[in-house]
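Structures incoming, each one as structure tokens.
Below, chain A partners chain B and then partners chain C, in two separate complexes.
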Partner chain A sequence: MGPDIAPGPAVPWRKVLWERQPFPDNYVDERFLEELRRNEGIRQYRYWAVVKEAVLVGQQLSCVAIFITLWLYMEQGLLSPEALLWTSLIVGLLGYGLHNALRPQLGSDRKPRTHLADLQSAAIFLSFTFGFSPVLKTLTESVSTDTVYAMSALMLLAHLVSFPYAHPSPTGSLSLNAALFASVCLASRLPGALHTFAMLSCALLMFALWPCLLQSIRDHAPGPSAWLCVGVCLGGVGGLGSRWPGGAVLLALALVSVILLCPLLLVKLQRHKDNIQGPWDEAEIHEDLCKVPY
Partner chain B sequence: MVLKVFFPQCCNRADSGLLVGRWLPGRDTAVVLAVIHYPFIPSTVKQYLQQIQGQSQVPVEVLGSWSMPSEKQEGLDSFLRDLSTIFPQTRWLQVSREMGQTGFSCQLLQLPPEKEEEEEDRVIFVHYDQRKVMLSQLHPLESPALPGCEEPSELRQMFWTVAHSEPLFLKDKYDEGPLKLSHWQSEGREASILVELMKLASTPLCLLLAWLLAAWSWVTSTRLLNLSPLRFLSSKLSSCVQLSYRTAHMKTVTSPHTATSHTHFMRKANVLVSLLLDVSLGLLFISWLYREERLARLASALLPAADRVSRELEDLLQWLMGAPAGLKMNRALDQVLGRFFLYHIHLWISYLRLLAPFLEVILWYGGLSAALGLTFALSLLSDMLALLTFHIYCFYVYGARLYCMKLYGLCSLWRLFRGRKWNVLRQRVDSCCYDLDQLFIGTLLFTILLFLLPTTALYYLVFTMLRLMVVALQGVLHLSVDLINSFPLFALSLRVFTPYRLAEGVKFRVLSDEPGTALHLLMEMNALGLGEVVQTYRTPTYSCYPPDSWGALLRKLFVGELVYPWKHKTTKTD
Partner chain C sequence: MGQRRKKADVSASSEKRASEADTAASNPTASNPTASNPNRKHSICMVSDFFYPNMGGVESHIYQLSQCLIEKGHKVVIATHAYGRRKGVRYLTNGLKVYYLPLQVMYNQSTATTCFHSLPLLRCVFVREAVTVVHAHSSFSAMAHDALFHAKTMGLNTVFTDHSLFGFADMSSVLTNKLLTVSLCDTDHIVCVSYTSKENTVLRATLDPQIVSVIPNAVDPTDFTPDPSQRRGGRITVVVISRLVYRKGIDLLGGIIPELCLKHPDLHFLIGGEGPKRIVLEEVREKYQLHDRVRLLGALEHRDVRGVLVQGHIFLNTSLTEAFCMAIVEGASCGLQVVSTRVGGIPEVLPEDLISLCDPTVRSLCAGLEAVITQLRSGAVPSPADIHARVRSLYTWRNVAGRTEKVYDRVAGEEVLPLDRRLLRLRQHCGSVAGSIFAFVAVLNFLFLLLLQWLVPDQVMDRAVDASGPRALWGPSQRDHPAEEAGAGAPTAE
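And then the complex of A and B:
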């Protein structure tokens, strides 16, 4: 104990390292825990708000169910490809009109796509799908049906897992590709080339374009979009129930648990959240780097 | 202080006289080269040594005296001691032999004599065979560095001294002259008259051959023969490649400059011997081939064999077009590929029919090429094999290209599938935001390629196996050609019959180690190992550079790159 280490009451401890002080390096005084903060920046979830967001997940689940329903109808010959094509065309045109009607009010700073570009994209979709549909038809001929089903199920699951639920508008590459892969696999088991074409167009509509439309509806009118999602969910359960009641029950259970039970669990468990922050945390740079003048 | 004296065995029983040799610079080592007998005139000795020095670049000097006991000479010691004053040296060796003893006794006189006899000198006598040391070449061969740039080892210096003092040994025992020397005696020159005659004859022969070769290389370098299709063709035909190698070899042999360095000489001799061997083997082959109508039988057997191969291939394709080995392949693609290849075989068979009447003539003239050497016949055989199995090569190339493209497409589309792309600038995989239509088409193609891959892969596998069989055959032919081209037969026979010529270090054996006298060692050569001989002296040809390793070959096969029998890494471009 040298004289310079003995804590003199006259010298108060200061939390600086650039000054020689009569304290050991790891010294802290009793004010240390005053800086402890708990659950900083927490958001208190309200039940119905969470349910409104969770409906989106259920909606995507139902979309997959609707697609499978349509495929079942096609495979059993209950739905003609022409009917599906005409329906898809009408629904697509309606959706495009709605999307265009909603777009100007967004006022986004990005340059909007022209109608010509949309037309070009549509032409590419249709021509490629139509041209490749005979190839796709014979693609999985020699592969066993179980393999195809397993692959499709896996891919649809991958689609659901990797779907960007927070912002569905630029669809994630992996989710869209997985869904398209699954739909190609399923469509190749259908009896004719036109069936394949119709099924792929339907898949494009459902997995690529519908999330875009839904995003713009949500941006424009959050209230009705939730009800729209509920409608999609009901449609999915009803559709699946018409061909496969057991599946419909399972889907309904899954939807209820996702939409109602999981938010409840989240809100209930939020009381137990205990995050502590304090001076021991590593430093955070709060300044936005984009605003630094240079 | 330990003094080493290298003493030639042939001087063991020489009459008394002067020791002539050299002190190795910077070491306590003396190399005795010869003994000059009494009587001599000192000025003549000095003059002779200067003359030898001028001829051989070896600083030969008088080392000391040598006394051999005999009846006539008594009381010689004082005379020998006086000799040192006649030949002023800093060190003076006095070596003498006693009557009943095997060992020598040695005294070293330091001049000026203030340090004389003060410390006990140990002397080691190393007896060496002068002829063997003179003829041998110490390995590993040193690079021709500047003398004095780096201090060579003692042994190397000793070898150098003995090998370069050849003019000293030219003086014959029977020569009448003022000096009598004792050293290694050659067997006389009379026996080598034939060699001398051949040497005389070889010069005009070499000149003639060199002129012919110059004419030949002028013909090959004319513009007509260097047009692009001909050049490409000749670089692919192994007989043309062999021709160019042989021309280079002949140029080496017939160059009018005499070989100065050991390596150069060995290269020339090796090439000459392998050339002679090659030609004699080729003549043997011709004498076998052109007898008993073997050629006609061969020609008549060749076509049915090729036909048979084609039919087997057809069967194989039919099998592949069904469900080979129970594999389920894409039926449509399978049919397309199978029909394509069947048509190819059909084309091939008609080509063979066209070729059939000329086959025997072609074989007859081709067989004549064996007169140039067996290697030519083998190269020609390899070329004919390549031409007769051209359809297999075509199948292989189609299959490999298709497979390679598919694999490449799948790789990049798999990246698109995960929303990544290959960044060329940074050489890494980056994430990327694709458009909707890009994603759609990419996924469509990915699915198609993925489901069609097994069919293509199977075709590729089968045709690769066929190709590998042909490549293995051609590889064996090329290897044997290369063996004949590059095998150092001369060096190997030198090693077998006169092992001391190619030495790899020395070993010592103790002759006598009596207390009180000097230690006597016998120096013997270690012969160079056979593998080392082959490695050091083989003529460099293209296959000295190793072809792809097995791992690289497998990787290439997996990726679908084309595999060739022998990649020429050092193609002569101009």
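And then the complex of A and C:
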């Protein structure tokens, strides 16, 4: 610093404070910042692997579209509630069979859930929904239709935002509740009590049970499950297209951007990542401190 | 601070320098402000939100440094915000003048910042006291950043001392680091308390490392002397003194206590400090029935710390981050074996044979503690008096003041950028968006200053009577024998 820089110090500089060294206080050694580490432990993304994960987001978006399509058909009287109920029953039984077939490979240490318990839950849900459908039908009669639609749209959006895409089974409570709230709102605008019942059973199938089945298929066969998701996406676009072509175009655009463009952005932007770490970082506690010794 | 050849003759020369300063201070004619550069006396204003009666590392740093600078013949005033009913001007030991300015406190004793509202008051202080160097402390203090900004508008030289480490990962650090970049963009010199802290600050504020000096903190060795007679025989006591917060690694401590207490029946823990993580320690104590072996002392006054330290054999520090750990120096100064985590600037603070460094995990800390316990049992450790003798000369406030003085000497000769070049520098250094915004703010600040100068010109402002420095009118009898131990004793509330 200024006039008192020692002439050619022979001793090497050390990064210690307790020793008085023959260097000025603002001395910068060549070892300055040598402990700086950049982008440590960073994940390398491959485009198609990211696309495969993103397809899951797309299929959930399509699920919502399919649900809205079904509701449009019901509202316009193009689909009878009986037909929907029978289809739901058959699809539900098929799905249940598939789920059971995949189950033994998953959790072997846990006690498996019995079929009786499954039957009991199904019976409770169906009977309560059936018993309350006249009530649900008239629930929003005093509310204007615009409000009901706005609320449903908001709730379906909340469902999509809060859906636990990383681990869809069990469905997150917020996303499931939002979806069911939206279904109740929409179902209450249908012409009859049986319509309401059919719509709600369909909603349970779609928002509560389908994510669980999809998760077990994914665990079991990751390849085909991606194609299954693509199928759901195409089904969503096609179904919506039959009643509302403009909506189908919008959905297709949203799907393309979510499934293809966003992963591309993620992968392309990786090279701009500049994460710096060094000795000044706060240490993290990795151990499980609740684990008691002895 | 150059010319330091070997450790041995350094302490001698620093002693000599200190005594020279003493004679200079006692002889007013020797300290002539018109003398050549090295003997130049500065008029320094320390600015920080943190000062007594608030207690902590920054507060005592400012106080002790100011005392030693006064001893060297400089004029020092301190500006901070009002604490409760304590506002206005107060005088501390040796004519250290403190301005408690009526600024609104927002959060954690830090004032709100609008970049403008503090200008009238701070201008008053700077002009009345004829300040030549503004020295701001702590990056948490909004008032310090305001002062740096206003000082540059007023054409004064600035120094900033950073006392803390920041990460780069989360949103809040990204924001504060950007603000620091703006704030330090035209600061003349920055002081950090350890080399790790310097690396951190250089990266955070994108600075030229040449304008960053490393000047460690210090402890007063006379406050922390060993007294082995206070130790209880037949047991080994581990002392922990820290705030009980997450950053101090109290969760790790909660893992260590049961593990070691079960292995060593004669091990006792003495824990001083208070904080939200106290509940963790209380749970551990309850769960393992260790009420007789783990004592929680609660918040400690600074003067009681030594009384607790001398009761222990081992000083344990479990911090997860630390710029410069004063506590371990205090512990070693009291003759304790120090065990600490290897984080931040801690490895730089004590020589390897006085400290056991461990990774910040329960397992590593337990292993480190057990190694020291084994050494203690076999008597293979240096005596407390030996440890104290080695530590006492490592960090002294006189040394800190001497090195800080050099920073002032260097800064005083530097040119303060005129407004146009300042704006250019802001835009070049801080990115186009933030740079433009703050360039605009700098222009507004300049216009505000012009308005204030038009309302009350500098020439008609009263000059304050100096209480310290070359023209001090503060009790000459006191200045004939400057404090034997500069900075000894906390300031008394008048």
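Note that in this section the second predicted complex is superposed on the first by the 252 of 294 C-alpha atoms of A that agree within 3 Å, B and C clash if a C-alpha of one lies under 4 Å from a C-alpha of the other, contacts with A are read in each partner's own complex, and residues count from 1 in each chain.
Everything that follows uses one rule, which is that contacts are C-beta pairs under 8 Å (C-beta built on N, C-alpha and C of every residue); 3 or more make two chains touch, one makes a residue touch a chain.
The model shown is predicted, which means the values in this text are computed figures rather than measured ones.
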item: Chain B versus chain C as contact partner of A:Lys15, first or second or both or neither; value: second
item: Partner chain in contact with A:Ile276 - chain B first, chain C second, else both or neither; value: second
item: First (chain B), second (chain C), both or neither touched by A:Glu40; value: neither
item: Partner chain in contact with A:Asp146 - chain B first, chain C second, else both or neither; value: neither
item: Touched partner set for A:Glu30, first chain B, second chain C, both or neither; value: neither
item: Which partner, chain B or chain C, touches more chain A residues; value: C
item: Contacts of A:Ile285 with chain B and chain C, given as first, second, both or neither; value: second
item: Residues of chain A that touch chain C when the two form their complex; value: 1-6, 15-26, 28, 32-33, 35-36, 275-287, 289, 292-294
item: Parts of chain A lying in touch with chain B, wherever the complex brings them together; value: 121, 124-125, 128-129, 132, 135-136, 138-143, 170-174, 176-177, 180-181, 184-185, 204, 208
item: Interface residues, chain B side, partner chain A - complex; value: 328-332, 416-419, 433-437, 439-444, 446-448, 451-452
item: Interface residues, chain C side, partner chain A - complex; value: 1-5, 7, 10, 38, 165-169, 189, 194-197, 199-200, 202-203, 209-216, 247, 249, 251-252, 254-255, 258-259, 262, 287, 320-321, 323-324, 341, 343-345, 347-351, 360-363, 394-395, 403, 406-407, 409-410
